[in-house]
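If you scroll down you'll find the structure; I have some questions about it.
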Amino acid sequence: MQLGMIGLGRMGANMVQRLMRAGHECVVYDTDPKAVADLETEGATGSSDIADFCAKLRPPRAAWVMVPAAVVDTVIDQLEPHLQAGDIIIDGGNSYYQDDIRHAKRLHAKDIQFVDCGTSGGVFGLERGYCLMIGGDTQAVEQLDPIFAALAPGAGAIERTEGRSGDYDRAELGYLHCGPNGAGHFVKMVHNGIEYGLMAAYAEGFNLLKHAGVGRADHAVDAETAPLSDPAFYQYEMDLARIAEVWRRGSVVSSWLLDLTANALQGDPELKTFGGRVSDSGEGRWTSIAAIETGTPAPVLTSALYERFTSRGEAEFANQILSAMRYQFGGHHEKPETPARG
Amino acid sequence: MQLGMIGLGRMGANMVQRLMRAGHECVVYDTDPKAVADLETEGATGSSDIADFCAKLRPPRAAWVMVPAAVVDTVIDQLEPHLQAGDIIIDGGNSYYQDDIRHAKRLHAKDIQFVDCGTSGGVFGLERGYCLMIGGDTQAVEQLDPIFAALAPGAGAIERTEGRSGDYDRAELGYLHCGPNGAGHFVKMVHNGIEYGLMAAYAEGFNLLKHAGVGRADHAVDAETAPLSDPAFYQYEMDLARIAEVWRRGSVVSSWLLDLTANALQGDPELKTFGGRVSDSGEGRWTSIAAIETGTPAPVLTSALYERFTSRGEAEFANQILSAMRYQFGGHHEKPETPARG
Amino acid sequence: MQLGMIGLGRMGANMVQRLMRAGHECVVYDTDPKAVADLETEGATGSSDIADFCAKLRPPRAAWVMVPAAVVDTVIDQLEPHLQAGDIIIDGGNSYYQDDIRHAKRLHAKDIQFVDCGTSGGVFGLERGYCLMIGGDTQAVEQLDPIFAALAPGAGAIERTEGRSGDYDRAELGYLHCGPNGAGHFVKMVHNGIEYGLMAAYAEGFNLLKHAGVGRADHAVDAETAPLSDPAFYQYEMDLARIAEVWRRGSVVSSWLLDLTANALQGDPELKTFGGRVSDSGEGRWTSIAAIETGTPAPVLTSALYERFTSRGEAEFANQILSAMRYQFGGHHEKPETPARG
Amino acid sequence: MQLGMIGLGRMGANMVQRLMRAGHECVVYDTDPKAVADLETEGATGSSDIADFCAKLRPPRAAWVMVPAAVVDTVIDQLEPHLQAGDIIIDGGNSYYQDDIRHAKRLHAKDIQFVDCGTSGGVFGLERGYCLMIGGDTQAVEQLDPIFAALAPGAGAIERTEGRSGDYDRAELGYLHCGPNGAGHFVKMVHNGIEYGLMAAYAEGFNLLKHAGVGRADHAVDAETAPLSDPAFYQYEMDLARIAEVWRRGSVVSSWLLDLTANALQGDPELKTFGGRVSDSGEGRWTSIAAIETGTPAPVLTSALYERFTSRGEAEFANQILSAMRYQFGGHHEKPETPARG
């Protein structure tokens, strides 16, 4: 079928390519004409502005928006005048699910459908396919089924879940209609919240392995650290790249994130190209806020989020307060920084 | 080659079978004669006691001990008199790495080798192979290479890590000599610490999805919970089994633990067969203690551990203290329990 | 001066009494006529409805609203038609500071002033005075100064902060104009967020002291708990009431919350009157949400909040997920509950 | 009575002065002769070495050791040959309670008593008195009662706990015999664990107040931070020194640590003299280890500890792992550091 794609960044452009490989027809638009031109050479129909984009789509139109969350409102504002009853807007980016509910309400008033679609897969999606978490009215979601099927990974070689048999459920093909509007991005939000937790678990574990030699004589002693109870127990020099590798096979902690960690450590065992200032996008925050609002304990997911804040220096004043208190009651002066330990 | 196995529980018995399938010869012993007899019918050489077990092994003997951590000391005490210089004891269980260092020192005094081997794989290991994390002297570890190779999963169909080429490294075959004594169990300890964190991340995420409908009218209102800022945003009824399924393909959070979660939710979507009292074995504790001793922040891993303690009621008195304080300063009485929410 | 008070619960009624003791004139209203009558016998001017309440106040009126956060909107709706330019509404309850900004904007359009005032002190405020955190326009706040001064504790016998001299700053008298609208409740919100953290620190500490005897032979062994490395180190039977008492004098952890804990433990050392289901009102949640939105790490404050959620059973499904995973990969069955430990 | 003091640092020297003011006779020793000479001018009996120190004490001797935990073993080794049956050694420092149990066992074999005494009070103890948590045999503790009574704060002006009447309990005078050997330092350990939690609660709260203006136009925008949902809600400029001050009177969060925070912020509102590298001594670590070993959840106390580790850069490699993963799956490059926000 025909699909329009607005936003031809890393994600949008790859998705267009995957759709065209599956035989779908794509009309594309981006504020960067080069991104449009690049996809035209691959067989897409380019467009020069939103009006042109909408004109090149046949009703009922399906316009997939793949732009930063902060820009979605603007793009919908621009699209709306060119759309008519029966058309569908799909927001496939990382939007807040509460915005979906607002968008859907507004567009439904004009009989335009709105579908929210959380999309996971990153730069590997073109080849591996994208995991799609979809929210919206059933009819609209059904109408887009060929598109979702083409973007999703399909059943692949993955072992089937115990108890499942017969025809594949769509969830087994890698896409799922999660519920009414917002449900898709809600599930994607929680997905990313979990992702933060998983990443932090590996990161803390590898960091601990990195510290397994703090008792060694060749180790710079950090004056700040209370002396080890017995340095003999912390004499190891761990090969982190090989440890990541060995865990990939047969172990309980094997995962795609571990595969990626093995890739990273294989190429740069000290990770010297990374300074350790870790950004966070909205989903990790929204997940913790949803946990708080619904009264659901989520200490691991929120700890992971706070670790990212701290990596960017946001705990600094809190730490100064602590030092100030210690000075007040104990006369403790801060100790100077010593050479980092490896 | 020939290997002796002491401890024929779920892990030990499966490992003997996997070794025999690979053509190795196994002498087996367990305090339960039936466990011995069962493996004899599969082709293993049974033994009636430790002395008999050692007599049936040809020097240099290799005796693999696969028993609960608390019993390892006793078994080594029993083995030692029957062993001679050049023999090897392998502790393949979930022992504390600091005990390995102690065991190795003691046995080295008699020229007996000690090898510690963290073993991951669970009930699936017989078919999938076991991920092995090994500590000990290089010569002893080399000597046992055929055993490790047979137990490990091998390279399999898993995509190769970027930047690796040529012959497979042992880590790529699923086993790794991590360093001197204790290193194997140290890596296994951290492995399990990470496992706790990963499990908690999924558990918290699915619990949040379960709470996504707390704004629905059909939901029992919990008098304890502060009212939702806007119930309209928490109206969903999520199909957790399908969500686990869809994440298995193409998503960033795919993993073996997620595969298992999909299995569990497919069979019993409400998990009614589980009450939620979550045990912890030693490794999660040791990981957090190692983090504390080495000054390595591990909030996610330790949060996951504490959640297990709390699941068993161990926070009860702390909560009573909180209620008592609230009553003291605000005259707040505890509210009665209301029907659980779904 | 004259002040009107709407909401004569524990807080509002005590505040009226404290104001009257200081010579102020109070007009009072509550939906419960008995609460009104009680204060009339103490010298307050009662009123029968909001219209009557406003009629009995002399312009420029000062109407203090002391009702649950959920009811503030309704009360303001009822007040507004009876007020005129120059009148002031004070919200002294535990409202969300973002609501203050909304209320102020709406009332300013009619030249009615809005002041938000976070009020701490609980049931002890009548005698000790209330700590007041105030937001709003300077002129309105100045106008109410006699009221704030009467409600606040005053300088009292507390040792003066180093570096302060001369006349007392209002902060030293126990009330502070924190900034424009919302600032008062923002500071009160953070105050309560800190309160959650402080309470949890004591609660966890006393719970640990309670566990200091888990190695004793008279202690029920919990099959769920990994065996202690050395029971000899956990043989104590701590007298928690006396420990709370001794910390009240000369120690770094002395505080008013500790005083209250000592009160509670003195009367009921086992706290048997409390079941341990700990409620949370809005401020703890709002504090964590503000931390997340501003990118400020607050792991202690949020952990304290999540502990309360968990005390009410909200982690149950997460724990079932953990048990289900453990069963899947390791064949682990849950162990039955054993008699609680003390 | 007569007491010997070994270790004349900030704590030991002040304690000697407080004892002499109460009429006790002190024999003092330190490896630094100047510290000895200083106290001699105040009336203490100096000594030139351990032998001399013991010779100047009349049997049954009472020797108080006030040295760093790491030196206690050495000092006891030096004392032992000069002591006889009936003498008492008191360890008043911050020792690990498990070491007390070891020390007591060894000294009891020679009929020398050992008393462990956790001492809180910091640099203010000379004037305010010290809160004492004592472990050991009842007879020895009774024998030292005049010393403990003189060091402790006494009942003072603090309001009596509800339900207490008649003669003051020793706990009300600021010292407590907590149980057999180790009990004193166990209680002190938990005391300091709580202290870490309390300090972190204040530090996080003040840091959040510091971030209350992140929506202001004059605020450097941090490219790393997800945009605020609504900057209008974060426009405040909080006066932290005054907020600390106002909370000191009548509020639920008033405490001695808050008094000290007010002191610090009054003198240096930006805390520019502190870099924010926060040391930790042993007790915070031991508290968390005890929580883990006894299966007691302590997320707040352990979070507070990990925040200190992180303040010293120990999370750096974990953060690099996170950035490496993000680059792998999403092609995300780290963003450069931007000017700090205030």
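Going in written order, the chains are labelled A, B, C and D, and every chain counts its residues from 1.
One rule holds in what follows: contacts are C-beta pairs under 8 Å (C-beta built on N, C-alpha and C of every residue); 3 or more make two chains touch, one makes a residue touch a chain.
Chain-to-protein mapping (UniProt): A, B, C, D = 6-phosphogluconate dehydrogenase (Decarboxylating).
None of these values were measured; they are calculated from a predicted model.
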- Message: Following contacts chain by chain, what is the lowest number of steps it takes to reach chain D starting at chain B?
- Response: 1
- Tell me which chain's centre, taken as the mean of its C-alpha atoms, is farthest from chain D. A
- Per the centroid of Cα atoms for each chain, what is the distance between chain B and chain C, given in Å? 43
- Centroid distance [mean C-alpha coordinates] between chain C and chain A, Å: 38
- In whole angstrom, how far does the Cα centroid of chain C sit from the Cα centroid of chain D? 28
- Item | chain B: positions in contact with at least two other chains | 122, 200, 202, 204, 207, 211, 222, 225-226, 252, 257, 263, 285, 291, 293, 295-299, 303, 306-307, 310, 312, 314-315, 318, 329
- Can you check the complex and tell me which residues of chain C touch chain D? 97-98, 101, 120-122, 125, 128-133, 152-159, 161-164, 169-176, 178-180, 182-183, 186-187, 190-198, 200-202, 204-205, 207-209, 211-212, 214, 222, 225-226, 228-229, 232-239, 242-243, 245-259, 262-263, 266-267, 287, 290-291, 293-301, 303-304, 306-307
- Item | Complex interface listing, chain D residues touching chain B | 252, 280, 285, 288-289, 292-293, 295-299, 302-303, 305-307, 309-310, 312, 314-315, 318, 329
- Sites on chain A touched by chain D in the complex: 10, 70, 122-124, 199-200, 202-204, 206-207, 210-211, 222, 224-227, 257, 260-261, 263-265, 268, 271, 274-282, 285, 299, 303, 307-308, 310-332, 334-335, 337, 340
